[in-house]
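Let me begin by handing over the structure; questions about it come next.
So that you can tell them apart, the chains are marked A, B, C and D in the order they are listed, and the count of residues begins at 1 in each.
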């Protein structure tokens, strides 16, 4: 018996909603669907908050450590002698924090979607999928073991597929959904191999035993290695690849910008706040393993994160699609979180990076969701995605403007807003041990401020375009989430996060590092200033700059042609040189062999027909020769034996 | 005189007869001649039976009797064959075996 | 009179009843009734089986009943089931039940069609309820032959060619099997005594190793042909593409499982040492088959071809799992039999239904069908997701069991094979999503398609039944893997492992 | 003595009595009553067939020249069944113009050949065997040439007769050599007198086997088969392909197992090689036949190759399997010929092409044909499967796994061409299929019997077990 048995309800309530809606998707009126879905996710939200309250406040740390509690679980499947997969809920710092994030954003998006999707034919379908996603994501975050994570990992993947391809009549949406699914699936293959490898050596999936440093001695981690890596390093790198796929780390990031084909609320929920950080969450879940068993794998995580962060930020500065800028920004920010994990150590003060990463995950979820929802509101109002066709919107969409500004400031690291605090912790953590990462992140901070304000100025200031319909603020259903999230974007920075979430369960007392904060703030201001200078009003300067930096700009604008590389590999190499030849080979060689066997038989039959000449004497000749041959053979045989 | 004839001599004759029968059967185109060749073969066999009986197993008469039966049956065979050959001649206006090959392959 | 005999008698009676039917209405209702009864019987069988196991009876086979057939040769009709055959019987009745409803509108020569279909099914049932090799072989052949007529008469496209190829290749497989069976028969009593075809009695002794080595390829390849063993799978794409809906369903769904079941029950179970000696070779073929089938499916243009290649890949995974010689992999392989059986039946049913409306199976000639027929489209997508191994559906569990089982071999050879096999989950995703993207999503390509209707009640029933089971197994896999199959794996495993 | 003669030779005597009766009736009845002679013959022969099944121990006559045991009687019974079916099937043909005036001759000659086979089977020495063989084969030439108004029939007759004469010549030459080697023509003495094979024996064996192989139409002694089968009237062809062949198979079995067991090392080789050649060549030729009779001729050549699988080892199981196989083969082949006969008599069509779309107009004929072909190719649940499987079992028992494999692969090839006919009837479209055919009751009852047999003789194991029990006693 424990106090958290009810936690299984948190994911199951949305599942119920999904089933109810999907089986009645032709029958339910829109209002009923909206009310049902929103209230169900609302219940989940309340339960999540209650859980957090109970876990962090009522229960608090036991002997100075936050315990990991199995809410409830049952054996789902036995995999071999020792291994079995359980389904259940694991309540600990990270999962409770994630519960809050997921249920909050999900609730906001639900409310927002009531307004956003109001005129859409697929209203019921949309809410069903949202519920499905919420179920999968909530189950993922409270998974008790890595295999359960994998299961729901796939399910969130498919929900994401369904939602990206929501406008399935649009070829680009179909292509995007396909791409998202296949790229993440590709990464999941490595995740699966990682799970196979690590479970083979540790005989367990369960986080409680798997990530407990006291158990590490008992694990049988010796064995053949690959490329000189130790077994845990290999396994953890494989798992990280899985996470990288879902979290759109370089070079597996290509699906995320395309995923913006989905409706904006989906982008906010899945591709900004929750699913895409699953990779970070996964690494965080197994952080003890990374940090203690395979520091080299963790370093890789850090470098990949930092590089991705920079890479995506550079691309973001050139994009003109509203949501794509945000998508690259998301990639960049997740890179931040990954980098933070990578630079972190395990336990006590060394675990600052871990805490910072989680902190940033939390705050980022709030302001990035807000940004996307704001983008949705704008796009809803002006019916275009291109920021070139926007401008001066601050006059028409006041509330949207303000909330968007708050979010932009938050992501840019403006002092006092949530992003400022979390970023500060990350940069501090990097500063301690990884100078390269530290400088990269610093540059990225500046770039972030720059491209976000570029976006902001281009959309809300700059030259006003001529609009067919006068844009206006959206209705209440959409505004309320914006406002709530804006508030959260401001206040969430003031949560003493380290007290609640830390690498080893012990509360971590953090404080603002002023030296670092000042530097990073300055960098941000520089970014903002440049953006102000270039984009507040339309000027020729930008085109001059673009001309000056022509090649680089073009490369960045084309996302460094990574997509093309993939396209080339898949279409021109795998499809054209492997799959098509195999199809050909199968038809003509393998099948051909069978046909040739038949052909040989028939042809032989045709060729030997002359034997049956109709001439009696030829028959007799065959008769006599056969006798001679057989008797000669028999006599020879007899004599030789 | 005839006591000097050995089994070997007889066998040479019979074998020659047999295979000249076979040869005739294979090469002659006339149906009647082919029938005659077969008779030659059967008679060679008869010689064999009689000779073996006389030289090797004189204790009973099995070979002799066998030869007698062969003669009888050969006669029956010949009669049927001639009947059919006559029929053939009516149909084909020929008793050349090469003409009698409507069915083949 | 054994309860198991009912599984052959009910189809037989159904066939006789259909002989006297007057019109298509009667025919299909008789068929539906008969096959529903069969479905109920299977449910009863599952319950009975569980009760027997619950009563603590731990025999390898239960409900064993020996009906003397050819006493002088000791060929008997020995009935008996274990968890594996029980679950496959259940699979068969599910698929044939859905198949009857999927061919509800079979107008031409309807009586002959349903008779052939049910004869086919009774062959399959017979194969699963007997444990005497001779009787098994009789039923096996019985199941193969109606296929020729079914494809040849009611098929589409190059049906005669496909039917002929399929029949001849499978008969060539039988040629190998006969040699293997006779070899086993004549070595079934190494210590003297009566020769026997009874699985249980043969398994008491050890067939000499050189004999095993000689016979194993015959049996493995022989059954492997039906189980789509690379490179002898080529009957499958053409055969499936040409066959009428219910036949594709039954064939890919159940008949191909006869092959894998035969491999497991006969080749591996009776010749364990040879399996170890030669396993690596066939494992390579199975691995190639997995990847090859999946890659081959990517560039196909015909819906049925895609599914046929996908079946090649999935069935190769069954063989792959079986050749891992450990509990979870074999468990997974058998679950994969069931899962693939239902899944592929679902696909073929849907393809048939879509084809019945659009009169084309070329994916590029269709588009946006999801909008026109949301139920069928959605079912296809769900089937596709199940096929690419999405958790919550049966395929996922099966694949995971196989991979985990395979991964417990720590040597490089098995590792590489496993990684390659696992890579198929990505390729599968590629071709499934490709086809879904082309013909279900996107804009409507053909204006005529705009007015097509969605599923009728019998189609819903057919598809719904299959979907229900895919999901149920996916949600509660332990019921199948542990309760049904679990303890029945022990005898085979014991024999396979005893060599270590 | 007289009494024992009557009882031991009762089947032969019965048959001869029936034959003579036909002769006399034919001489004395009026033209209008000739059909009644046929019916009387049929009834008498039916009684004769049934009487054969009374259990009887058998015995020996003429100092061992003639002997009969339950096994011999079983063989004769199997042949009787076949002949009875042939008689039933011949009814519709016998009333055709230009045949009807000599229909009773046909019955007589047919029964005469059967009596020859009886003697051949029951022979206790080579003389009796030879006489039986010739009684069985010379009238066959007459039967082949029975439709003498057709040149093909005449051609068939002469081809059969001359070829048969040649083979007889060799066979006799072989017998003379055996006589030289063993000094006796009695089987019992013979098997005791020589125990070591010599080159002379090898030569003699080859000549003897070639004579029998000719009758059994084994490759390469088979060439006459197709031409003769095609040219002969359909009924005669069916008689050739099942009864004549079956009887020779029995005799071959008896000779190899009872007379030459000492030379097993020699003849096993020959049988092995002939089996492969026969199955393969028979199948390859059958592949491309257009005429149903020629098609069935080559198929029957291939079937003869399968019979050899049962002859590889001298044990009772082999003999049982051969008898069983011949029974099933008689039933299935006669069913196929029966259908072909019905179509041929009604429409004169004998080409496979003409069968296109037959199922539409003649479903039952097509179904019977299909069953027969499935049985011939060995598909369960029809009887052919069981007989083939047991043949394979026999070969495997002798250790010839590779031969079994080759044989089964040949089954696959055979299945291909059998399916071609099935395809013609069921699948091939045809705007003008043959009209619905209504055959007479005799043919229909014959077909009914064959279908029942095809279905039940396999699944019902007592048929096989009955044979095994009888042969075991031998």
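In this text, a residue touches a chain if its C-beta (ideal position, glycine included) is under 8 Å from a C-beta of that chain, and two chains touch if they have at least 3 such contacts.
Because the structure is predicted, anything quoted here is derived from the model rather than measured.
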item	value
Middle chain, criterion being Cα centroid separation	C
Chain pair showing more contacts of the two, A-C and C-D	A-C
Centre distance in Å when chain A and chain C are each reduced to the mean of their C-alpha atoms	36
Chain C and chain D, separation of their C-alpha mean positions in angstrom	42
Centre-of-Cα separation between chain C and chain B, whole angstrom	65
Computed distance of Cα centres, chain D from chain B, in Å	27
Multi-chain contact residues (two or more partners), chain D	158-159, 162, 166, 170, 226-227, 416
Residues within chain B bordering two or more other chains	22, 25, 100-104
Multi-chain contact sites of chain C, meaning residues that touch two or more partners	168
All pairs of touching chains, each written as two labels joined by a dash	A-B, A-C, A-D, B-D, C-D
Chain B to chain D touching residues, read off their complex	18, 21-22, 25, 31, 34-35, 38, 41-42, 44-45, 48-49, 52-53, 56-57, 59, 62-63, 65-66, 69-70, 73, 76-77, 80-81, 83-85, 87-88, 91-92, 100-104
Footprint of chain B on chain D - complex, ascending	126-127, 130-131, 134, 138-139, 141-142, 145, 148, 151-152, 154-159, 161-162, 165-166, 168-170, 172-173, 175-177, 179-180, 183-185, 226-227, 230-231, 294
Contact set on chain A toward chain B in their complex	609-610, 612-617, 620-621, 624
Residue numbers on chain D that touch chain C, as the complex places them	374, 379-381, 385, 389-390, 392-393, 396-397, 401, 404-405, 408-409, 411-412, 415-416, 419, 422-423, 426-427, 461, 464-465, 468-469
Residue numbers on chain C that touch chain D, as the complex places them	68-73, 134, 137-139, 141-142, 145, 148-149, 152-153, 159-160, 164, 167-168, 171-172, 174-176, 178-179, 182-183, 185-186, 214, 218
